[in-house]
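Each of the next two complexes has chain A plus one other chain: chain B in the first, chain C in the second.
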Partner chain A sequence: MKVTETMIKKRKVKDRVLQTVTLISSSISVLILIMLFFFIFQKGAGSLSFKLLTDDYWAKNYLLDIPAEQTGTYVKPANLPTDSFWSVKYGFAVTDALSHEKQKLILIEYIDPASPLAKMTDASSGPNFGKAQLISVGMQIQKIGYVDINGDTRSAGTIADQNAKTLVDTLDSSALTLNQAYIKTTGGGIRGSIVSTFYLILISLLLAVPIGIMTAIYLNEYAKYNRFTPWLRSSIEMLTGVPSIIYGLMGMVVLYPVTALFKASGTSILLGGLTLSVILLPTVIRSTEEALKVVPDNFRDASLSLGANQAQTIFRIVLPSAIPGILSAILLSLGRIIGESAALIYTMGTFVNDSPTVLTGGTSLAVHIWSLMSGEQPNFALASAISIIILIIVLVLNISVKLLSGRLRKTWQ
Partner chain B sequence: MDKIVRNHISVKSMKRKHLQDVFVKNLFKLMALLSSSVIILIILFILMKGSAPFLPNYKYGTISLPNFLFGTVWRQDAGIYGVGFIVINTILSAFGALLLSFPISVLTALFIVKVAPRKVASVMRTIVELLASIPSVVYGVFAAGTIVAFVRIIGSALGIVTAGGNSMMAVIMLLAIMIFPTITSLSISAIEAVDPDLELASLALGATKTQTHFKVVLSSAKSGIFAGAILGLGRAFGEATAVSMVAGNKLFGPTFNLLDITRTLTSTMLAGLKETTGLDYDIRYSVGIVLMATILISNLLLNYIKNRIGNKV
Partner chain C sequence: MENIFEIRDLDLYYGTNQALKKISMDIHRNEVTAFIGPSGCGKSTFLRCFNRMNDLIPDCRIEGKMTMNDTDIMSSKLNVVDLRTRVGMVFQKPNPFPMSIYDNVAYGLRCQNIKDKKVLDQIVTQSLKKAALWEEVKDRLNENAYKLSGGQQQRLCIARAISMEPDVILMDEPTSALDPIATSKIEDLIQELKRDYTIIIVTHSMQQAARVSDYTAFFLLGEVIEFNTTKVLFQIPSDKRTEDYITGRFG
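And now, the complex of A and B:
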């Protein structure tokens, strides 16, 4: 067959088309990544603040007594935001806000140090009764009770369907004295989940890393080429294919009795950590084994020929040479712990716990997102804010793994 | 004799050293046995727990196995547990995702390894790795915000009222995104492993570079690419949290309408977490068995196809 000019041209066009197709397909993934980051940052950046990291998730309620001496004229500070309202008589400023459930809130913007609201005491009976309770900027005013000219006790605040402006106007114009305040913290913080995540990391790494490393050493250094060893390998390999939700089921039946020994009842962080350590095992084993394989055999031969036994060779020669690989195994595991959700939903529960301990339930950051999203009113803002935190951590881990593995490769070449 | 041999190589110290060696070896062997027995424990306990509701003398009332396996209604409130339609829904959404993701992944892998200039390729590699490392809940939040809205728009354009956008289509698109990095990275390794001599031979015969990439490279990397597809499919089957955010909660089925809500095995297992004992708790293990069986069977099937295709080369 003769190759004509038109055939070559046709071929060229066809090639160009095919090349463009590959380009388009790969730009789809870029597009998705950009869209994901854009969406998460756009939704979550507003809620992201240092306060988010240190606040409790659940709102706290305070019923407070306001001290009797409260007359005065307070000077409005110059730097108050324009959308806040200043009470001249009682020395505080409030603003309007919306909760993520679209409820109207009145938030405290500023309190004068001499204001009666700055010297309130706890009014609810209990150990804290009568103690001074400081309220701070950002808390919600649910109700402020006051006595008007006729001597009647009335209420102002969100409970009386007021907003910041009407609250200040009412108090300034018709209140003779204030008697009681019902104040609420806004909540919505993730301190508890951060603490739980740390516990989880600690428990699961403490278990998975030593067991994983020992297994990898056995497989790479000790195991003989017999019929038994491939079985060991493939049964560990099979663990990677098990969906994480199945690990959750496993945790509930197999590992629950273990946690019951420590007197944990029901779901607990300990159970979550144990389950996670099983999930991490194949990752740790494989990545340690990769690192061990790279260590040249000469090292082992040299050590053995100097009279060291195998255990000494492993601990003094092989393991130190494999440390970058083991480190990258730990970093990979960290990423997995932070991202894991399905298995933990079963084993740690979905209730956000503000003061988690090892033996009680709690939520990791990922599970916190799930419990925010699975309600009737998905809280996109907070879920995205936590997602940003997770994304940043994962990004940093990824970069570190890349740098480490680059170093590992360089070491022996 | 004792006086000549130095202390640290005395018989006694040698014995201790030997004992230490044996101890370490056995400890490591024990740990290896422990690690590899986990899979057996998982299978054993889940089988035990999950088969209990079908055995006679089950304390919450025995369920008939055929009704469970082939049932088309799932209503925990009415005590009707039929997992048949859920299996079909799961298979449909997983294979739908594979169908959507597979060509894009393979072409992306080809672009990264063969077509793109080096710098672009390394950026693309990083992007694929990043996509792989994003946790599934984050994908879930993304899907619940964007994909669902997209489906809602499509629905309203077609004049169909969707359940707020939660639908089988949303599940398929979400899963396609989630399995993309898996298939791509395995395809990349498969394409990289193709013998360069094959390519050179093809070029020497007068084929253009692009022709070689599509006809020679892809077909020699076939079995590796297929392995990626199998792994991706496994991930699609097992994905739970993200899917449950967009699947909806269909009570009967199977769902064939892309815009209708659906229910997968994993979303069923995550629904109704309140129970800690009783039938609703145990039945989750039965669903877990069905999930594992579904994954296993589809893996075997695909492996069979892979071997058939592989043999033709």
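And now, the complex of A and C:
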């Protein structure tokens, strides 16, 4: 058959069209990624700070009595920042700031050791009543109560819609004596969630990695030609497709009694870790198996021909050679732990815990986002800031996986 | 002449496929026996019977009789690990473990729970000397074995096999991955090792078989066509097929 001019043209057009379609598709996927990053960074970058990582989430409130002895003239220290305001009469400096929720705050910048604010006592009834309560730089002044020239009790601070400058001005000009202060820590930080995530990683990896590696060794080395191995393998593969919320339900019902043995009541990080380790197992098994398959058979042959038994061959030769692959399996699991939320809502709870322990509830970073957004006043900025942190962690993990697997390939070329 | 191996009517099947047919042969002690033949004729499969490496292959079934020093080595009661310490093996592709030169040679001993540093040092030195590698590596025993050249790696594998002080060394095309200079070094080494060990070598190169071996077996389609002293087999082959093969008419 003769190839005509029109046939050639048709072929060319078809080629062009297909090329364009693939180009458009790939542009769309890249665009989505860029949009995601741009959106999250734009919303969250403002709330991102080192303080976010170290602060508690819940603010602590202090209602404090200010001692009667307070007259004096205080000298302003030379090294105070320029944007702070100094109260000559009461000896403290304050500055304006925004909270993680973008609300205006008056933060304490400096307190003179002789200032009445340095000698306040707890005013709330309870075991600490009357005890000295030191307040520190960085806390916010909600309210300072004072008595003016007319003998009236008045309030200054954010509660009276004041900023740092007007607060200092009011106290210095019209306050005769100060009587009570309402001081708050800033809060809104994610230290507790970071600690919870760390515990979660520790527990789930500690369980999933050894069990997963041993299973992979059994499947790939000992039971290689066993009739049941293909069955076992495909059921493990199926486990990877189960939605994690089902694992969460299972964790709540099946694994809860296990955590109860350790005296954990209700949701706990231990329960979350156990559930996550079940979720991780299939991934760890699969990737370890892949890593074991890459180990050349002639290593096994050489070892066996030297009179080593199978266990010696596996644990002295095969497993050490598979370590880079196993490491990348662990990194993949880390990504999964950090990203998981559905299974943890049932098992670890959604209450942000500032001082989590293994046996109490807490939130991982991802669940912290859920918890921020599911309240009555969704805090989008803070949620985005946490998202940035998670994205950065995932990015670092991905790069590490690439580097590791690159090295793995190099070893046996 | 003393026989170390006696093989009678050995059949080997992979599933239903018969790979070796009625093989009978005597292997003499402290001689070099070469197996030659075209690819897929079963010579490597047969070699792997001597240290039971075929055990690792599923669906592999062996019938017949094979004895080493009058002990049945096909018996299921035989301690295979023990057999493999007496029958060492060197593979086609140099396959040192990804560890130091020293650790490679000491590996087999350590697997036998020999941990005395002095004993290990002595055997490692001695094995490397016997494998004609000592002079080249004595200053860098702790370097990774993969830093050695291909020929050195193969001699390291020979040293590793020698470290177990075996009676027999099986070599499965030990020079097929090496250049001519490395090959001739290995061939010289085989002549040296012959004094202490029985050597069975599978080779694709008829010249190599003629150079290094005392006895040669010609394999074709799972059968031994001819087995004789190398001299006789190459000069006056009794079978037409052997003659065709060694004169290069096929294979």
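Just so it is clear, the second predicted complex is superposed on the first by the 309 of 413 C-alpha atoms of A that agree within 3 Å, B and C clash if a C-alpha of one lies under 4 Å from a C-alpha of the other, contacts with A are read in each partner's own complex, and residues count from 1 in each chain.
In this section, contacts are C-beta pairs under 8 Å (C-beta built on N, C-alpha and C of every residue); 3 or more make two chains touch, one makes a residue touch a chain.
The structure presented is a predicted model; accordingly, all values stated were derived computationally and were not measured.
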**Request:** Assess the superposed three-chain arrangement around chain A: do chain B and chain C clash, or do they fit?
**Result:** fit
**Request:** Applying the touch criterion given at the start, work out whether A:18 contacts chain B, chain C, both or neither, answering first, second, both or neither.
**Result:** first
**Prompt:** Touching A:321, do we find chain B (first), chain C (second), both, or neither?
**Reply:** second
**Request:** Determine, under the contact definition given at the top, whether A:396 touches first (chain B), second (chain C), both, or neither.
**Result:** neither
**Message:** With both complexes overlaid on chain A, does A:309 touch chain B (first), chain C (second), both or neither?
**Reply:** both
**Prompt:** Which partner does A:225 reach: the first (chain B), the second (chain C), both, or neither?
**Reply:** second
**Asked** Quick one: chain B or chain C, who's touching more of chain A?
**Response** B
**Request:** Go through the superposed model and pick first if A:296 touches only chain B, second if only chain C, both, or neither.
**Result:** second
**Request:** Please indicate which partner A:243 is in contact with in the superposed arrangement: first for chain B, second for chain C, both, or neither.
**Result:** first
**Message:** Quick check on the superposed pair: does A:285 touch chain B, chain C, both, or neither? Answer first, second, both or neither.
**Reply:** first
**Item:** chain B and chain C, minimum CA distance [Å, superposed model]
**Value:** 5
**Prompt:** Can you list the residues of chain A that meet both chain B and chain C?
**Reply:** 307, 309, 312
**Asked** What residues of chain A sit close enough to touch chain C in their complex?
**Response** 224-225, 296, 298-309, 312, 316-317, 320-321, 411
**Request:** Going by the contact rule at the top, pick out the chain C residues touching chain A in the complex.
**Result:** 51, 53, 56, 58, 81-82, 84-85, 88-89, 91, 93, 95-98, 107-108, 111-112, 157, 160-161, 164
**Message:** So in the complex, the part of chain A that touches chain B is made up of which residues?
**Reply:** 11-12, 14-15, 18-19, 21-23, 25-26, 28-30, 32-33, 35-36, 39-40, 43, 210-212, 214-215, 217-219, 222-223, 231-233, 235-236, 238-239, 241-247, 249-250, 253-254, 266, 278, 281, 285, 307, 309-312, 314, 335, 338-342, 345-346, 350, 366-367, 369-370, 373-374, 378, 380, 383-384, 387, 390-391, 394-395, 397-398, 402
**Fill in**
The residues of chain B that touch chain A in their complex are 9, 17-18, 20-21, 23-25, 27-29, 31-42, 45-46, 49, 103-105, 107-108, 110-112, 115-116, 124, 127-131, 133-142, 144-146, 177, 180, 184, 208-211, 213-214, 231, 234-235, 237-241, 244-245, 266, 269-270, 273, 276, 284-285, 288, 291-292, 295, 299
